Every structure is written in structure tokens, then in C-alpha cells.
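One chain, chain A, links the two complexes that follow: it is found with chain B in the first and with chain C in the second.
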Partner chain A sequence: MTESNPIRSFLLGLLTWFIGLLFFFPVFWMVLNGFKEEADANTDPKLFFDPTLDRYRDIASGDQGLLSFGEAFTNSAWAVIVSTILVLILAVPAAYALSIRPVAKWRDVLFFFISTKFLPIVAAILPLWIIARELDILNTRLVLIVLYTAMNLPLAVWMLRSFFQEVPRELIEAAQLDGASLRGQITSVILPIAAPGLAATALLCVIFAWNEFFLAVQLNPVDGSTVPIWVTSNVSTRGNFLARLSAASTVATLPVLIAGWVAQKRMIRGLAMGAIK
Partner chain B sequence: MAQVRYDEATRIYPGTDIAAVDRLDLDIADGEFLVVVGPSGSGKSTALRMLAGLEFIDNGSIHIGERDVTLVPPKERDIAMVFQNYALYPQMSVAANMGFALKQQGIPKEERQRRVAEAARILDLEPYLERKPKNLSGGQRQRVAMGRAIVREPQVFLMDEPLSNLDAKLRVQTRTQLADLQADLGVTTVYVTHDQVEAMTLGDRVAVLESGKLQQCASPREMYSRPANRFVAGFIGSPAMNLLEVDGGDGSGVALGSMTVPLDGEVGRSVGAHPSVTLGVRPEHLALVPSDGDRTLPGRVSVVEDLGSEAFVHIDVEHRGETTQIVVRGEGESDVRRDDNVAIGLGGPIHLFGPGGERLN
Partner chain C sequence: MTTTAVPESIDDSPAPVTADEERRRHQRREAWRRRLPLLPALLFTIVVTQVPFLFSLWYSLTEWTIVPPSDREFIGFGNYTDLATNEFFRSALWTSVLMTVVSVLLSVVLGTALAVLLDRKFFGQGFVRTLLITPFLVMPVVAGLVWNNQILGSAFGVLNWLLETLGFGSVEFVSRFPLWSIVTVLVWQWTPFMMLIMLAGLQSQPDSVLEAARVDGASTSGIFFQITLPHLRPYLELGVLLGSIYLIQVFDHIDVMTGGGPDSTNVPYFVFQRSIGGGWRFGQASAYSIVVVVFSIIIATFGLRVLSGLLEGEDAA
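Our next item is the complex of A and B:
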């Protein structure tokens, strides 16, 4: 878009705002509902109401479900953080071997990684469940850590590979000539330059692992359950629950928002570091 | 410090049949400044990268000092390289950039700081040591890249077009400093450039590469006055040497248009052996003179490039029934104008090349 027709850009701006608000509105409504009485949340949509923190008190006390928020949050944090760290530890060398010094058949390897995503997870759940049972790791954090690592690894390898390819080749060669070992080249040259990409990759892994529901509900229905399962535990068979569920969903969203904010700062700082010339 | 030897060194890129560098033989003396020059794609950068250990050597060998480094990884070759785009680590300060190699060698911090400070002093970088590369000007970045090489006190400096990202004025200035610095340090230097002015002014010797093959390796003066073949003759010198196909004839002389250039006995015999040879004359060895029968060549001026101290006059002449252009160097502030009818006279040595481009005289 090089031409700047004022009417055209105004209309485009309008359209952008419209689409943006369209996406934002449900989230806004959810946050709003969390501050309502159940009765208000379930009647005709009301924009003006007396806000209350009672729903947040309800979900914090956790009287209704078996799973408390604290427990679910700790389980989620373990599964998310450990799996993301594992993913990065495994994906960095893999991405290096697929970009900077490509191994033989690197295209096939790359395709293999992504092909593991072709299988619908539903088709794999029964074998996974049986394996987990045989290993006696059902209802543990470990099973989720392993599966989330496996789930995010292909994506991380693909992403990091494309970020590594952006690292100017001369910098790596300069580091080689300067006597840096392979590890030195990766830690002191490649990773600092690819830091924004690393942050973006880590963020996506965190988001996907944090929001994962299917595996968690199938494999850890009793113990080791995560925040998404805790959110659904606020669905009640007796009485209204929309406001309470909204409050729970809002709480479940916050950590991802914070992670996004942290990663974004990191990404911008990386971009501002400047290219090589 | 050490001498460097390429011994039939060959590089064939995977997936190609043609050698990027073809059986390169070069001997570089200890402390010598060798400039490798050639057009793009001539293999000059590949040759340098082979010495750096960044390119695999498919055939032949490379020695640094007494050591065969053909299979030695880059970090163990004790060389420092200055890249065209400087390749400074963007996340590190100037001091950290310069000290990085020393840190990798495990040199203690005080020693590192001392050597970085010394290099910074030589290169006038002292005020910038704590800055990041993005906060430096092009010239300063270039100096940091130089500094990174100097602090290492390596056996050989490798430079891959280190001045090509500078503007014209800074390039000339830096060129002088570079020559001075190299002479002071006395470190063997291999310098790659496509700029023949850099080659002629910097090099103790110049190596001309074309299509991966070494064409000639000689001092700048010899390269200029006795080019080994037609390619070197056309490549070295600006404006380029006038190169014209002429009939070999009986060897007593060759005809340039209506002008006859007499030849000596031995040269004449080798010229006479070919039906057609190439005659080369540098612009400064021609002059605008009063017309004098078959000792001068008449022509019509098409362009005058007056540079003040000298002028290059492009003249259309009739040669072998076709109009060709010949460049003559004339005096500056010349009175010659476009469309003037002039006569060209020979005032210096000529160069003769056989059908394969080889030198005949």
C-alpha cells in the first residue's frame, strides 16, 4: 500500500477497528460477567450493574469442586514451565542442525517433525493412556510434562530454524575464527541475536501448554489437573454459574497475558539491537 | 607471523562441476601484503575463505608457516579475518567485540584489557569502547573490525573487501591508514578486493584471479607494465588499456588502422606466427600529435573526460574497416573538443598477446 488515499485508509482503519472489536468483545463480556451477580449475568445483557468481587471470592474458596485453584495453578505452572524449558533445550540444537549446518536430508527431517502433528490427538489418546497407565504415571505432572514437550517440540524446531537462518552467516564464521567452540558460538552469538525469536517461540509453547485441555482431562482427571480443568470445575449442575465461570476464565487468562507482555518486551528489545551493519 | 603457501589448492562447490578456485599456487612471504583481485565470481573470496578454513579444500593443500592447515579447523589456524560487513557481534560492546577472541583463548582479564586498550589507542577507538556497534559510524565499525583482528596478534590477517562499505573519501583515508598499520605490525596479510586501485596501492604483490585461475602474481608495477596476458592487461589500469585485434602479417610490423607499428626481430617472429594477435597500448602511451603519414592514426574525438590534471580523450578511429574507440591520455585543461579531427601518435611501449591471450613480447 504505497498510495495514501485518505478515504481509503479511513475505511480500512474503520474495518480494522470493527474486526478488532468483534474479536475483543467476547473477552470484554467475559471479564464484565465475572464482576456480576449470577442473576444479572443470566438475564438480559446489562452493561450497567453493581460490580462485585463475590465471584472471585467463590472461586478462591473453591467449595464446589474438588480441585482448588492453587493446586491447579501449581500443576499448570509445573507442566508449562518445565515442558517449555525442555522444548527449548531440545529445539535449539535441532534447529541449529537444520539451519546453520544442515544435516543430510534436512528437508525430510523437517517434514518428519511437522508430520507428527498430522495425527489427530483423539486417535492417539487410547495408546497414550495405556502407556501412561503401564508406566504408572497417570494423574501425575510428569505425564503432562512429557506430552506437552512432545506436542510443542515440532513447532519450536520449525520456528527456531527460521529465526536461526536470519542470523548473519559472517557472525558465526567470525566466532569460529575467534576460537569459539560450537557451544560458544550458539550461546554467545546465535542465541543473543535470535533472542526475539526465542522469546516468541517460548511464548507460543507457554500458551499452547497452558491452554491444553484434552490430554489433561483424559490423563489427569483426578490428580495433577491443570487450570483449564479447574475452569470447567466451576460449571455447576445446580443453579446458575455463568458469572462464576467468567471469573474463573478471567483468572485463567491472566498468566498468559503476563507471559505475553514479558515476551513482547524481550522481542522489542531484541529487534532494537540492530542488524549487523 | 608466517609465510602462507597455496599448493594446487582447489575448491569445487558441491553440486557444481566447475572449480571455484582451480589449482591455485601462491607463495606469500612472511610479512608480505598480498592483494588478491579479480572480477565478481573470480573465486577471490573463496580463495581467502579456504585459507580461513571456512571452505573445504577439495584438492591440494594450504600451509601456514611450516604447518599444513588443509584439514585444520578455523580456530586452530591462528588467523584473524576482517569481513566485508565487519560481522561485529551486535549485542557486545566495542571492547567485548575486540576481546572476544582473547576470552575464548582463556587469556586473563588484565592482559585482555591491556591488549584491547592498546588496539583501541592505535585505531583511535578509545572513546567508543563501551558503545554497541549500532551506535557507531561506518568508519568506526570498520576500525573495530580491524581492532578485533589486531588484538589477536595472529600469524596472518585475512581481509575480505574491508573498505567496500565505506564512502569514497573515507575509503581513501582508511586505505592509507591500513597500509601504514600493516607495515608497522609486519603481519602477513592477504587482502581480497575487486577494486584495482586498492590492489595497486596496498599490495606488495598483487594476484589476479579470473574464473578461479591465477592469471598473474607480481608487484603492482610489473603487473601494470608487463601484464602476463590479455585478461590482466584489460583488468589492471584505469581507464583500461586499449586492446585491438590486428593482423600478424609478416612480422615486420602490425597495422593499427592506417598507422604502422614496427616490431623488433624476435617479437616480430612470434607475432608473424599468428594470423591475428591483440595489440595493447595504455592511454598514457598514446598522444595527440600533428598528423605524420603512416606513423600516426587519424580519428575524430567523441568524448573528452577532463579531470583537471589530465584528460582522457575517446577517439573514434577506422581500424580493419570498422569504427573502434581508442582512449588517449592528454593534458588537463585541454582544448580538444568533441568532433575535432586529431591524429594519434605512439609514445610508449606496446603489448602484444597471442590468440590464447598469452603475452608475446
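Our next item is the complex of A and C:
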């Protein structure tokens, strides 16, 4: 919007800056504390201090608790990457069947997918725990991969369907006339056009899976534990831990933070299309 | 009805039976061809999300404690009648409602305001947007811990240091106001998400309409309330819907900030405490979770109505 009054416009810009810095402050403070000695972190807030990388060395060596960072990171990477790939493999054809060549009751099917997100996961955790124990997959990566796929699939189907709606029908019909198979249509016509949407969808799946704590801590407290569990393992009941916890939190947050910053514009577009179309 | 069937379509030259059957077979084949790409995702979702609920339903009708191990005993609706009189459960239910409603409303209002502020040209626009979306990307466990220890904490928290410096006493925010401390963190994380949705809504507004309104001499606030806000309605609805889905299930923040308590245990946390969190009373906990499902279905029915509004008119297009 263009503003007629330059002073008003300037002040509003200033206000936006102020709120932006305010919202960012807790993250800034966390990163800052990660470079402190415990003595500097566990006192009145200090903006200036002798920065040190020792806390990062501490968390890398993993002298506290049973779970090492390397282990947690590997488990998280497995669960996040494999589940996101599975989500896309399942959601792309499903979204096709709900948009481009829709099944008879596509609206009901779409509602069913979304309705599963309304059912609180806590209501399913007991049977999931029991079933996982029976199948002997408690404390494995497999159980998280399966559940993260189920957790993100409805959102992915919903968003991808909206993106597929955007693909011009003439292009698909032309491909069909040329005798392209379903897979051919998807890979050569639909996906290239819907690529930004696909990226936005995948990114949201990655964020939700990477940050997931509840299922991981219930089902994998011993083995196959992920990064969020590792972060909480840095809370100590003996001695000071703030600086160390800050360093751990920074490392745990960084991958998603960078991905989100890079893809923010795409995400805005993705959400808009997911919303309306 | 007992009268003879009325022909559905007026067809003066009835096709031969074989051709008719051929067409129907073709239609059936076509229907299956359309359904096929959908099936893997649908079956996967049904198995992983619906089957556990059937188990929960069955458990909820039994008396069953895992530690110490006991046999499962069918007791009908006993767990449900217990639950109606359990004041801890009622308190958890009320906490859930407050936590969800207040967090969703506050983050939608703040998110909309921030989106409007951001949707103007000013120096460093992109950078400020990056600052503002950051809280949404932070791992919930980390958000809870950082606020708990470093912002709200009474020992080394920045906010309390600020209060003391300004001459006010320090406040034990998290132990005195557990619910509102958690809501603060939730609003901090979800405002950016709402802002992203609203920003998308604002950017999809056709410039020509706004231009025309301005030429006609409409005031800035008039344009906002009469043109922009109605345009944003579906985006607002989407924000409320998605926010409710995720915020009704809050667990992580409670776990790391208060570990539960009279004012901060919501229903998900309550179910956890009564079962794998140490109570081990699976039968009773299942009954609680079934009640959560019923409440969620009530909310969902409302939510799906909103959704069907969003999908309206798409068939006509």
C-alpha cells in the first residue's frame, strides 16, 4: 500500500521494526547464551561477555546423559527424510485423484483426510504403544517413520490438491492425447508446474516432523530417540545448565530455521493456494 | 413406493442390452482407474489412524492396569461414569478450552495486525519479515525451555530483570500463572503462522480494486474494513481452523514448562499422566481419550463446515 503521509508511514515502519525485534529477541538471547560460560549465563542478563565455544564442545562430546548428539541427529534425519519422501509418494497420486481426474466423492474423501487431523494423537497413543510393543518396533526409527508419515499425509494431500488445481487442464489433456501414462502425466506435466507447491508442502512436513516431541518421547525413550529428546536431556538437576542448554537448543533449531528462512516466500504462496483454491 | 418405476431419462431409442452393459462395465472400469491412485494413501491413513481408535474404544470399556499387571476386565461404561464425576478431568477440560481458544484468537488478531504492517513498503521489509516468522520455526520444546528459563524465569529471566530494574518486584510467572505463561509462548509461536496466512491473503488482493476505491475517495480505514477484511475472511477461517487443530493437542510446552499442574494440565497431558506417564490405568485413560475424540468431532464438524465453504463453487468452475 502506498501511504500519503510520509511521517505516518515512517512511524509505522519503525513500529514494525520494533515488533519484529521483540519477536526475535528470545531466539537472539538463546543463541547469545550458547556462547557464554555458565557463570555468565546464570546471573543478571549480560549483553557483553567473553564468548566461548566450550558449550558447543560440551554438547558434541555428549558427556551428559545417555543419548549423544550424533545418535539423535541421525535418528531425526532418518525419521524426517524417509517420512517426508513417503508422504510425497503417497500424496501426489492421491492429490491427482482428488483434483485432476477426481473420483466420484472427492469432497468426502478430502474431508476424511482432514478429519483425521482433528483426532487428537493422545487418544491413539495407548493403542499405538501396545501395537508397537506387540510388533517389537518400540524404540526403533521405523515406528516414527510410519507415524510421521500418517501425521503429515492429510496436510500434504490437501495442499497438493490445491496446487494441482492450478495446472492448466489443456496441458494435461494434450499429454493424455499423446498417450502419456498416469506417471508420465505427473512427472512431465504436473510436477514441473506444481514444483513450488511441492517444495512448500515438503518443507512443512519437514518442520513438523523435525520438531515432533510427543510421539518420540512416548515410543522411543530408550533407543531411536530424536533431537527434541536430546535437547531436553541437557536440562540438568545438578549444577548450572543454561548456557549448555542454549547451545543445544541452537543446534537443534538451526536446520529448520535456515530452511524456513530460505523458503519463506514460497511458503506464503503455498499457504495461500492451500487456503483458497 | 409401490408404483412402477419412472424411467430416469427419456430415451426413445433404447440401446441394446449388450451395449448398455458394455457401457456400464466401461464406467465401472473408469471409476476404478480414477480410484486407484488414491488407494495407497487412503488405506495407509485408515490403518494407521482409525484402527488404534477401535482399540481405544474397546479398552475404554475395560478395567485394565498395566503396572502392576492386571487382567483386562470388561466393565461396560464404568470408566465413563467415573469420568463425569472426576474433578481433575473437568479442570483439564476447562484448561484445554481456555488454552486453545485464547491462543488461537490472540494469534489470529496479532497475526493479522502484523501482516497489515508488513504489507507496506518500508526499509528492511524482507528482513523484518524474516525476524517475525522465526518463532514459528522454533522447535516447541526449545521454545518452552527458552521462555521458561531465560525470559520468564525468576532467577535469570530477562523479563524479571527488566521489572526489577524498573523498580517492580520480580514475579514467578510460570508458577504463579502457569496457564498464561504457556499461552504466551503459544501465541509467540503461532502469531507468525497466522501472519503468513494473512500476508498471503493481502497479497492476493487485486490492486485495481484498491486503486478504484482510493480514486473514489475512500479512507484507509474504510478500505480496510469494507474491502480488505471481507476479502481476508476465508484466510481468517483457515487460520482459525489450522490453529485449533494443532493447539488443542499442545503437549510439549506443558511438559517442559510446568510438567502439568492444576492450571496447566490440559486433556492430552491428563491422559498422558494417567497412562504411560505413570498412572498406567489404560482402561480409564482410554475413556478420557474417547471423550477427547467426541469433543474434537464436535469442533471438527464446525471446522469442516468452514472447509466446505472454502471448497464451494469449485465444481462450477
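List of remarks:
Here is the rule we use: the second predicted complex is superposed on the first by the 245 of 277 C-alpha atoms of A that agree within 3 Å, B and C clash if a C-alpha of one lies under 4 Å from a C-alpha of the other, contacts with A are read in each partner's own complex, and residues count from 1 in each chain.
The criterion applied here is as follows: a contact is a pair of C-beta atoms (placed from the backbone, for glycine too) under 8 Å apart; a residue touches a chain by one contact, two chains touch by 3 or more.
In this text, all values refer to a predicted model and were calculated from it rather than measured experimentally.
Taking chain A as the reference, the larger set of touched residues comes from C, when chain B and chain C are compared.
When the two complexes are overlaid on their common chain A, residue A:Ala194 makes contact with neither chain B nor chain C. Using the contact criterion defined above for the overlaid structures, shared-chain residue A:Ala174 touches chain B, although it does not reach chain C. When the two complexes are overlaid on their common chain A, residue A:Gly184 makes contact with chain B while staying clear of chain C. Of the two partner chains, chain C is the only one touched by A:Pro45; chain B is not. Legend: residue contacts after superposition of the two complexes on their common chain; A:Val206 is shown touching neither chain B nor chain C.
Within the superposed three-chain model, A:Pro26 lies in touch with chain C and out of touch with chain B [touch as defined at top]. When the two structures are aligned on the shared chain, A:Ser115 is found in touch with chain C, with no touch to chain B.
Common to the chain B-facing and chain C-facing surfaces of chain A are residues 274-277.
Residues of chain A that touch chain B in their complex: 168, 170-171, 173-181, 184, 188-189, 192-193, 273-277. Across the complex, chain A meets chain C through its residues 1-3, 9-10, 12-13, 15-17, 19-21, 23-27, 29-30, 33, 41-45, 90-91, 93-94, 96-98, 101-104, 107, 109-131, 146-147, 149-150, 153-154, 157, 165, 182, 207, 210-211, 213-214, 217-218, 227-228, 231-232, 235, 242, 245-246, 249, 252-253, 256-257, 259-261, 264, 267-269, 271-272, 274-277. Partner chain A is touched in their complex by these residues of chain B: 52-54, 73-75, 79-81, 83-91, 100-101, 104-105, 132-134, 141, 148, 152, 165.
Contacts from chain C toward chain A in the complex involve residues 31, 34-38, 40-42, 44-45, 48-53, 55-56, 59, 114, 117-124, 127-143, 145-147, 149-151, 155-156, 158, 161, 188, 191-192, 196-197, 199-201, 203-204, 210, 220, 234-235, 238, 245, 248-249, 251-252, 255-256, 267-268, 271-272, 275-276, 282, 285-286, 289-290, 292-293, 296-297, 299-300, 303-304, 307-308, 310-311, 314.
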